[in-house]
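The structure follows.
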Amino acid sequence: MTATLSLDQLNSLPAPAFAAALAGIFEHAPWVGEAAAAQRPFATIAALHEAMMTAVYAAPRETQLIFLRAHPELGGKVARAGTMTAESISEQGGLGLNKLSDAEFDRFAQINAQYRGKFGFPFIICVRRQTRDAILDAFAQRVELGLDAELTTALEEISHITRLRLVDKVKGDGAPKTEGRLSTHVLDTYTGKPAAGVTIQLYEVGSSARSLITEVVTNHDGRTDKPLMSGGPLRAGTYEIVFAIGDYFRGKNIQLTKPAFLDVVPIRFGIAEPEGHYHVPLLATPWSYSTYRGS
Amino acid sequence: MTATLSLDQLNSLPAPAFAAALAGIFEHAPWVGEAAAAQRPFATIAALHEAMMTAVYAAPRETQLIFLRAHPELGGKVARAGTMTAESISEQGGLGLNKLSDAEFDRFAQINAQYRGKFGFPFIICVRRQTRDAILDAFAQRVELGLDAELTTALEEISHITRLRLVDKVKGDGAPKTEGRLSTHVLDTYTGKPAAGVTIQLYEVGSSARSLITEVVTNHDGRTDKPLMSGGPLRAGTYEIVFAIGDYFRGKNIQLTKPAFLDVVPIRFGIAEPEGHYHVPLLATPWSYSTYRGS
Amino acid sequence: MTATLSLDQLNSLPAPAFAAALAGIFEHAPWVGEAAAAQRPFATIAALHEAMMTAVYAAPRETQLIFLRAHPELGGKVARAGTMTAESISEQGGLGLNKLSDAEFDRFAQINAQYRGKFGFPFIICVRRQTRDAILDAFAQRVELGLDAELTTALEEISHITRLRLVDKVKGDGAPKTEGRLSTHVLDTYTGKPAAGVTIQLYEVGSSARSLITEVVTNHDGRTDKPLMSGGPLRAGTYEIVFAIGDYFRGKNIQLTKPAFLDVVPIRFGIAEPEGHYHVPLLATPWSYSTYRGS
Amino acid sequence: MTATLSLDQLNSLPAPAFAAALAGIFEHAPWVGEAAAAQRPFATIAALHEAMMTAVYAAPRETQLIFLRAHPELGGKVARAGTMTAESISEQGGLGLNKLSDAEFDRFAQINAQYRGKFGFPFIICVRRQTRDAILDAFAQRVELGLDAELTTALEEISHITRLRLVDKVKGDGAPKTEGRLSTHVLDTYTGKPAAGVTIQLYEVGSSARSLITEVVTNHDGRTDKPLMSGGPLRAGTYEIVFAIGDYFRGKNIQLTKPAFLDVVPIRFGIAEPEGHYHVPLLATPWSYSTYRGS
């Protein structure tokens, strides 16, 4: 998705050009852009997105189903074959869904088949807002829903997907919120000062494995120079921040037992709001600590 | 170590019978018991143990070295061959050191050889006071010591080993402390009440794996009916208590996000004093928690 | 209330003697004891009390009102004149209501008059379960109620008063709960140990003044040798525990600023359940502390 | 101290005019400015101040004593008579030392006399960095010192006084730090959100009384729109922040007991570094809270 457009440009294009410019946002559904074209000008990108989603919600159910059926399967054959839209490729690639092992591919194929068999359209989820484990959990939960409830859920995911695509593609006023943030700080309540120089690792925690996302060291204010995660929606899922607090206190010449009562402190937490701000601090002495969702 | 003796009996036995009765405590070293025999009566088991250790410390270095050399190697051929003393078999078996895989056996053999090559006696450690990982850490640290320092360390371990054996074998007044305790409790600071019905798992955390020690559920007072570990020395090492606090709050009909901010809370901590009391509580709301070494 | 009776004795006395023995419990209302006499034997003191209260609740409203009117006014002329029953004297004396200053006497007289003018009976409250300020607060709230609601409230207070009197007078199985408890402990999370030697003051906090209830020093376990309050119902009201944590840390040769960030830590809290257990601990470093209602 | 100067101006004035311009900084001591004049230009205001203090420290002891003797007594006759320098009037007035009651005036007169009798010069302290109680504490401590130690202390206070005066009078680069800050925030760990709308009172706590400094309400981020204290040095002393957390939770329709376990939470703390940043947050549920010196 290389080229970007301005909201001003979009407001002044002829209707067909307007719809064409936004063709990649709602896949294989030019009628969405066409419906929105009539309501121009839009004061904000958020208003443009709302108009497009209104067109989707207002469409007859059969049209909605055709629209959903035109989406690629997650980790499916289309992904492997390389025939997805550029937007889908970019999104699924972020989770590695286009590079599944044979076993994983088989698993996705199986649950995709189960889901499609029940609802008649592929499982759609905004992958940029989810960890891989969260996607599998959602699969398991949503396949149990009734058609009406699941149709509603699928369209909510369409709304998330297209909101992100629109914000990527269009620059201008009033962009809807698409960024979340995870931050931390470490306070040394033994000396009453911010804890500088603490090594921090952030992991994504899956049901079968955990993967390191970043490793940083706290600055003089006990914070990290930039958020642990930012720049887009957070992926809903389970995480763990691991604080090397034992090394920190030993570095202050505070005598700890061997092994230390507290050496490596893991804080495990869930992120449920991809556009939220999660501040997860650690207050620690060699013998105690606390954490909380802060602000 | 089936039969037990009373301190009164030991105080009144003829000297040779006294030494014979205690033969299993200091392995292959009847001279220790003989030296202690002359100082009877002992008012306490602790005094008896101190007298025996005094005899060891007072012996010429060459005698000490012979004494140390008579001990079996940890996880060594003697263990496999089944020719250890009953006491050694019981102790090493607790860690599974008599049932090592071929690879593990080779690793122990290699570090045993390195250690013996440097010091001329086998690596001795009170295995009942250590996790397997702590033993390997001690191996790595102690092989770097000089002979004098390591001889002192080895005799301290002999003191721990024999204190435990003596308390197992002799009943009477004034037993030295040989028991530690790990306890917990969960306080729900959302409702201001003890958290009943919280599932708790205790793990031993090794460098490469973790093993479940126990799983319990808190009672109406937010505590466990018996300590998480007790009845003997704690094994020095690293542990993790995992509290299923998300399930607890959901069970109270408190609405949590999906995933919950706090679902499964791990508290990782080290135990350095096998005869100490470690109380590791959790104070939690759905959005915060704290822990500390309590009393 | 010097003499005590056993439940066994009460169960076997002739009915008139039974009623006479309990005459002081429900003031000037021998009919209560007479009604209960017929239901003997009672397996527990709680059952006896319940039977007597059932008689009160079953009485015609006019009888209930006569019964309530026979009670002395709090801090009233009867108290000064010394013509209350022994039980009332003992109870009101605990709060000093029989020794009011002229100004206080006038204030009580005024609100008593207001209350009696509205409801036709004196304000009744179980003074042993309330601080003086809590009584004044209750006065202010209850005088706003309607007659039905206030009659219910007054009879609940009668139940509390008579439960306490009965437990004082009768010994035997199954006494209803009449004791609360306030306890604390201090944990030094700087060194990971119970804080021994901390001076603690407990104050009752009134709207205009605070009065010292007790001053104690923590023992080696960071606790007090006996609860801060116990041996009867707690008085509902507002309290403050003041911990001299600065002196404690200075005594450990920990260097604090001048003035210390934390010197004297006040924890203010309310007690609402006179028969409850309130555990109010302090976890502190020189730079942080926390407290909670524990168990 | 109406007119201000720029550092550039000061660097370019003739020496006598330079000394005259700074005459009010070091009272009745033109030689200080004269000594500094020779070292111009100064790159920063801090360097200018350092040069002036160097002149003071380098002066013969007799000159230092004459200099100290020329200062007015705190709360003394000169203050009442209105003959202090404008700078001294402004500073002492901030604490109300120019409007003492007769009794207070007598007390200050007595300790001033005691101090002057011992050292031969008036008690000097930077009143803008102290509460009234802290000044009285300092009086009591410093009068016990030996002459050398007290002379050093008095000159340190001169340094604080003149640094503040200089920063008030001269604008330019590199002003030395003269401002401290007290801030707070309230986190509701019951709902995992910043606590908005909490009424907060800040008191200065003296040995005999407490005085309200400010009352504010937390904003949507659980913070106050501006710091509780800022804009100059903090006054070293003891403070209390009182958080109306009971009203906050009741306002959220959370049912509390009567009285609430936590209603009004006082956090008492000392400020020792007038130019420091003190962040004193509250993390609270209806049943627990914690605080710490944050950053």
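In this document, chain identifiers A, B, C and D correspond to the written order of the chains, with residue numbering beginning at 1 in each.
Quick note on the criterion: a contact is a pair of C-beta atoms (placed from the backbone, for glycine too) under 8 Å apart; a residue touches a chain by one contact, two chains touch by 3 or more.
Predicted, not measured: the structure shown is a model, and the values here were computed from it.
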Set of chains whose contacts include both subunit C and subunit B: A, D
Taking each chain's C-alpha mean as its centre, the one farthest from subunit D: B
Between the pairs C-D and B-D, the one where more C-beta pairs touch: C-D
Computed distance of Cα centres, subunit D from subunit C, in Å: 47
Chain centre separation in whole Å, for subunit D relative to subunit B (CA means): 57
Sites on subunit A at which at least two other chains make contact: 189, 192, 261, 283, 287-288, 290, 292-293
Subunit D to subunit B touching residues, read off their complex: 189-192, 261, 283, 285-288, 290
Complex contact set, residues of subunit C against subunit D: 134, 236-238, 257-266, 268-273, 287-293
Partner subunit B, residues of subunit C touching it in the complex: 185, 187, 189, 192-194, 221-222, 283, 290, 292-295
